[in-house]
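Before anything else, here's the structure in question.
Lettered A, B, C, D, E and F in written order, each chain numbered from 1.
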Amino acid sequence: MRPSRRAPDELRPVSLERGVVKYAEGSCMVKFGDTHVLVTATLEERLPPWLKGQGRGWVTAEYGMLPRATLERTRREAAAGKQGGRTVEIQRLIGRSLRAAVDLEALGERQITVDCDVIQADGGTRTASITGAWVALADCIAWMKSRNMLKMNVLRDNVAAISCGIYQGTPVLDLDYAEDSEAETDANFVMTGDGRIIEVQGTAEKTPFSQDEFLALMELARKGVARLVDLQKLAVA
Amino acid sequence: MRPSRRAPDELRPVSLERGVVKYAEGSCMVKFGDTHVLVTATLEERLPPWLKGQGRGWVTAEYGMLPRATLERTRREAAAGKQGGRTVEIQRLIGRSLRAAVDLEALGERQITVDCDVIQADGGTRTASITGAWVALADCIAWMKSRNMLKMNVLRDNVAAISCGIYQGTPVLDLDYAEDSEAETDANFVMTGDGRIIEVQGTAEKTPFSQDEFLALMELARKGVARLVDLQKLAVA
Amino acid sequence: MRPSRRAPDELRPVSLERGVVKYAEGSCMVKFGDTHVLVTATLEERLPPWLKGQGRGWVTAEYGMLPRATLERTRREAAAGKQGGRTVEIQRLIGRSLRAAVDLEALGERQITVDCDVIQADGGTRTASITGAWVALADCIAWMKSRNMLKMNVLRDNVAAISCGIYQGTPVLDLDYAEDSEAETDANFVMTGDGRIIEVQGTAEKTPFSQDEFLALMELARKGVARLVDLQKLAVA
Amino acid sequence: MRPSRRAPDELRPVSLERGVVKYAEGSCMVKFGDTHVLVTATLEERLPPWLKGQGRGWVTAEYGMLPRATLERTRREAAAGKQGGRTVEIQRLIGRSLRAAVDLEALGERQITVDCDVIQADGGTRTASITGAWVALADCIAWMKSRNMLKMNVLRDNVAAISCGIYQGTPVLDLDYAEDSEAETDANFVMTGDGRIIEVQGTAEKTPFSQDEFLALMELARKGVARLVDLQKLAVA
Amino acid sequence: MRPSRRAPDELRPVSLERGVVKYAEGSCMVKFGDTHVLVTATLEERLPPWLKGQGRGWVTAEYGMLPRATLERTRREAAAGKQGGRTVEIQRLIGRSLRAAVDLEALGERQITVDCDVIQADGGTRTASITGAWVALADCIAWMKSRNMLKMNVLRDNVAAISCGIYQGTPVLDLDYAEDSEAETDANFVMTGDGRIIEVQGTAEKTPFSQDEFLALMELARKGVARLVDLQKLAVA
Amino acid sequence: MRPSRRAPDELRPVSLERGVVKYAEGSCMVKFGDTHVLVTATLEERLPPWLKGQGRGWVTAEYGMLPRATLERTRREAAAGKQGGRTVEIQRLIGRSLRAAVDLEALGERQITVDCDVIQADGGTRTASITGAWVALADCIAWMKSRNMLKMNVLRDNVAAISCGIYQGTPVLDLDYAEDSEAETDANFVMTGDGRIIEVQGTAEKTPFSQDEFLALMELARKGVARLVDLQKLAVA
C-alpha cells in the first residue's frame, strides 16, 4: 500500500495553470499533488556568445527552490554564493529535455529561458518542472506566432516527464517524498507525445536493479507520460 | 491624475492570504495590486554564533526575486553567485523592522527566519514584504504558542510599511512601478500599530525635498499604515 | 550628560583637509572627532555599459574600512571575498547623495568614482564620508574646469550629512560610537546647502519613536548640516 | 563503419594499471583508447558532518580535467573559481555508482574519496573513471584489510560503466569523441559484476529514441560491462 | 642620473611615525618618499585551527592598496571578490619576513596580525610595508610587555627591507615607480639588524643578470637596510 | 648524510619525457625523483585584452596539484572555489621565468599557456615545473616553426631551475620533501643556459642566513642548472 493510498500506476492530482504571472511571454503553475512549481518562459533577442551567427536559437533552463519549499528550511543559494550540484544537474536536464522537441533553426537567433522555481516540494520537482515548462514554452511560442515572429513550426512535439520507482518491492508511478526517500530504485523518464524517449535516468538508491525491473518502470512511465501529455493538450487548447 | 486612477491617498487593493505553503510555521501571500510576495516564517532551534548563550532569540530576513517577476528578466542571484546591493539593503530593512516589534528575550534562544520572495513586482516590494512578513511572523508565533513553547507575549505590536512619493508635484500613497520610476521623491515608512515610527527612508530621486514635503508624505504614510494594520488584524483574527 | 561632554547640539571637532593624496583628481581627509575617513575622487573617461550614449555622466561611490579602524579587528572584505551588507548599503547611500547635487548632463559622458576608506571609526563614518566626499568631488570638478573640460556648472549645491539620535531620552547631534551603541533611535540626514533634504534614514534601534521625536532630530540635523556646509565652503575657498 | 574501424560491439583497448602514485591507499591509471584517467582513492578517518555518529562510512568522488586533456585548452576550474555543471554532474554520478557496491556499515565511520583526473580525453571519461575508480577503491579496501581495519566484507560486487550510442543509425559500444559528437543518442550504463543496473542515463542528443533502440543499447552495454569486469578481476588478482 | 636625482646608493626620505591609529596595539605610518603605508598590528587571543595546542603563536600579514593609491584607479579587491596574485604574494612575503625574527614559542598561543594598507604607491610598497611592520610589531610586543603578558623576549632582531635594481646599467638603491617600471632587474632584500638575510627575491624583468650584478645589488641592499634599521631604532627608542 | 644518501651536490634522477599527451602543441612529463609534473604548452591565437595590438605575444603559466599528489590529500582548488596563495605565487614565477627567455616580439600576437600539473609531489615541484616547462615550450615553438608560423628565433636560451638549502648545516642541492621540511634555509634559482640568473628566491625558513651561505647555495645551483640544461638539450635533440 502506497502512503498516499494511490494505485501503483496512479499519478497524483495534476494541474497546469497558464498565465500566472503578468510579464512573462509564457508561464505555468504546475502541481503534481503537493509539489508546486512556478514556470516562466522568457524570450530574449540575444544569444550566448558561442551561438551567435549560426542561424539558430537556444532554449535553456534555470531551476531554484524557495528556501521553505521543503520540510526544513534549505539555505538560499543566492546567499550561499553558488548553485548546488543538484540544482545544476536538474536545470541541465530541463534544458536538454526541452531542446529535444524544439526546432532551433525555426526559432531563429533568439533565446528562450525557462525558469522553474519550486514553491513547494513533495518529490518529483524535476518531472513537474519539465511537464510545466513545456506548457510555458508552448505559450511563449504562441506569443511569438501571434506577433508574426515565426515562419515555421518550432515545437515538434509535447515533452513531459515522470518518475517511477520500486517501493517496497512494487514498481510505482510518480513518487512523492514519502516514497522517494524509501524507494530502492528511482528513475526519471522524459518522453515525447509520440512515446519516444528523450532522457532516462535510473538510479539504484539502495540495491542494483535488474533489466526486468527497469522495463517495468519504463512501462509505468509510458502510461504516466501519456496522461500528462493529454493534460498538456487540454491546458493549451 | 495617477496612472492607476487612484486618489492620492488610496492604496492599491491589498490582500493577505495566510497558510499558503504546507511546511512553514507561518506563511503569507501578500498582494499590493500587481506586486505579489510569498512570505514564509521558519522557526529554528539554533542561533547565529555571536548570539549564543545570551538568553535571547533573533529574527532575520532574506529577500529574493524570481527572475521573471519583472518586466524584463532579471538575472538569478544564485547563478550570478551573489546577492546584489539592493537585495542586501532590503533584507536588512525587513529584519530590522520586524525585530523592533519582537521581544527577543521572550522568544528565547531560537531564530525565526522570514523569507520574502517576490513572485511579481510592480513597485513597493519591500513595503509589501514587511507588511506580509508581520502576518507570517504572527502565525509562526501562534504556532509556538499552541505548542506551549512561549511563556510571555513575544509580539509587541503590528508592523506595516508603505511607500509615498511626490508624483508630478503631488504627494501620493503606495507608488506602483509606473509612478515610482517617475517620482521626484520616494520615501518608505515602517510603522507600528500605535502609529510610531520604526524606520523612515526618504530619498530625493531627482530634486531634494523640503521639510514640508516630507511631512506631507509622513501624513499619507500614517493613513496608509493604519489601513494596512487593520487588514493585518482581519487576516490573523 | 553625553560621554564626550558635548552639548546636545554640538558637533565633534570637524576638519576637512584637501589634497591628501598625490594622484587623485580630488581628495579629502575628513575627521569628525576620532572618525577619520580618506576620500578620493577619480575621474574616468568611461561609463558603466548601461549608461553609454545617453549624453550624461555618472557619480558612484565605494566604501571600505581598514581592518583595524575598529576597536577589534574587522575581517578584510577582500579576504572574505565579498563586501558585507553594511558596506553595500553605505556606498549606495553615498553615491545617491552626491548624485542629487550633480548635473549629470553637464558632467558629460564621464564617471567620477568616490572612494571612502575609513582609517579610524568612532561612529558616523557614513556621514563623515558624505561630507568629505563633497569636498573631494568639488576639487575633482575644479580640476576639470581648470582644464576646460566643462562648459556648464556641474555642482548645484553643497551636500553634507550628520547623524542624530535619542540618547538617554535626549535628542543629540553627531553621535560617536559610545552614544551610537546605546542610542534608542538613530537617524542620518543628508541635506543640501540650502537646507533641503536629500536622504533621511531613521531607525528605531530599540523602541519605535514618535513623530515629534523625529522632528526634533531633524531640527538638530538642520543645524549640524548648516555648520558642516560652512566648513566645506571654508575648505574649498 | 566506425571512425576507429571497430566492430559495433567492440570496446577500445582498455588498460587498468594499479599503484601509479606513491602516496594514495589505492590508485589506477585507466585507459579506454586515448581516454586516460588517473584515479586515486584516499582513506580518511573523518566524515562529513551530516554523517557523524551513525555507525557508517561514506564514499565520495571528485572529478577534474587537466586543461589540455582536450583538443582545445579548457579553462582551469580552479582559476574560474568554480566547478562547472558537467563536472558536478559527473562526480555525483561516480560517487553514487561506487556507493551502490559498498557496504557503508561495514566500512565503519570513515570516508574514502575517489579523485578522477582526466589526463587525456577522447570520449567516455565518466565511464572510464567509474571503471578505474572501482579498481582504486578495491585497492584501498585491500590496504585496509591488510591492516586489520575491517571485520567484514565491504565491497559487494564489481562496478563498471560503458557508453553506448546510435551512430549513423547503428547501435555502437564505447563511443570515442569522434562518434560521441555525431551520435544521435548517447547512453551511459553503470552495472555490477552480476549484470544488474546501478545507473542508466540515456539522452537523445538530436532525436528522441524508441524503446527498442534503448534496449539494443542496453544489450551492448551488458556485453561491454561484462568484458570490463573481467579486466578488473584480472587487474586486482 | 636617476629621475629623482638621488645618488645610486641613496634612499628616499624615510619616516616611521608610530601610534597613528587609536585602537591598534601597534601602528606605524611608514613613508619611503611618496610611498605611504599605514601598518597596524593586532593582537588576538586565538590561533588558526592548524596551530592550536602546540604551545606557540603566529604572526601573519595582510596587504591591501586603497583604490586611488595609484596613478590610475585600481579596482577595489573587495568589490572584485578576491585578492589578486600580487597581493597574495606580498602578504605572504611580509608574514614570512616577520616570523623569521619572532620567537613564536615565547609569544605564546596568540596571533598577531599585521595589516599593511597602501595609502599612496610610488614603488617599493612591499619593502616599506615590511620596514614599517617591524615597528608596529615592536609596539604591539611592547604593549604586551607593559601588561606582563610575556615572560621572555619575543623579538630577536630588527627586520627591514629594501629594493635594488639595475637602472640604465647602474645598480641603484630603493627604486621609485619611475625607475621600477624601467629597470632591467629588480630585487628585494629582507634582512635582519645584524646583516643576515631573511629573504631575497631577484627578478630579471628584461634580461637575465650575472652573479656579479647580483652581488652589487646585495651590497647596496646591505647599506640600505643598515640605514633603515638605524631609523627603526630611533623610532622605537 | 642526506635522507636519500645523495651527495650534497647530487641531483635526484631526472627525466624529461616529451610528447606525453596527444593534443598539446608541446608537452613534457618531468620527473625529479619522486616529484612528477605533467606540463603542456598550448598555443592560442588570442591575447589578454591589455596586450592586444602591440605587436608582441605572451607566455603565461598555470599550476595545479592533483589532490592526492601529496602524502595527505589536499583539497581540490576547483572545489574550494579559488587558487591558494602558494599556487598563485608559483604560477607567476613559472610565467616570469619563461618570458625571460622568449622574444615576445618574434612570437607575434599569440599566447602560449603552459600548464604544470603535479601528479606526485616530493619537494621541488616549482623547479621541476620550470625545467619541464622549457621543454614543452621548446616543442610548441618547434611545432610553430614546422608550420612556418615564425620568421625569427623565439627562444633565446634554455631556462632551468633548481632548489638548494642548508640541511643540518650543510648546503645541499635539489631538496626532496624530507629535506625541505627540515631545512633551515631554502632557495630557488632559475637560470639560463649561459649561467645567468633569471630569478632568485631565498627564504630563511628558521634562521636568517649569511651572505656566504647564500653564495654557497648559488654555487650549487649553478652546477645543478648546468646539468639540467644538458638534459634539456638531450631531450629536445
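In this text, contacts are C-beta pairs under 8 Å (C-beta built on N, C-alpha and C of every residue); 3 or more make two chains touch, one makes a residue touch a chain.
Per UniProt, the chains are A, B, C, D, E, F = Ribonuclease PH.
Please read all numbers here as calculations on a predicted model, not as lab measurements.
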| item | value |
| --- | --- |
| Touching chain C (Ribonuclease PH) and also chain E (Ribonuclease PH), the following chains | none |
| Chain D (Ribonuclease PH) to chain F (Ribonuclease PH), fewest steps along touching chains | 1 |
| Interface sides of chain A (Ribonuclease PH) and chain D (Ribonuclease PH): same vs different residues, half threshold | same |
| Approximate Å spacing (C-alpha centroids) for the pair chain B (Ribonuclease PH), chain C (Ribonuclease PH) | 27 |
| Whole-Å gap separating chain C (Ribonuclease PH) and chain D (Ribonuclease PH), where each centre is the average of the chain's CA atoms | 59 |
| Distance from chain F (Ribonuclease PH) to chain C (Ribonuclease PH) - Cα centre to Cα centre, in angstrom | 50 |
| Residues of chain F (Ribonuclease PH) touching at least two other chains | 81-82 |
| Chain order around the ring, beginning at chain A (Ribonuclease PH) and proceeding next to chain B (Ribonuclease PH) | A, B, C, E, F, D |
| Chain B (Ribonuclease PH) - residues contacting chain C (Ribonuclease PH), complex | 82, 85, 88-89, 91-92, 96, 100-101, 157, 187, 191-192, 196-204, 206-211, 214, 218 |
| Chain E (Ribonuclease PH) residues within the chain C (Ribonuclease PH) interface of the complex | 21-24, 27, 34, 38, 40, 42, 44, 62, 64, 66-73, 76-83, 87, 113, 115, 117, 119-120, 122 |
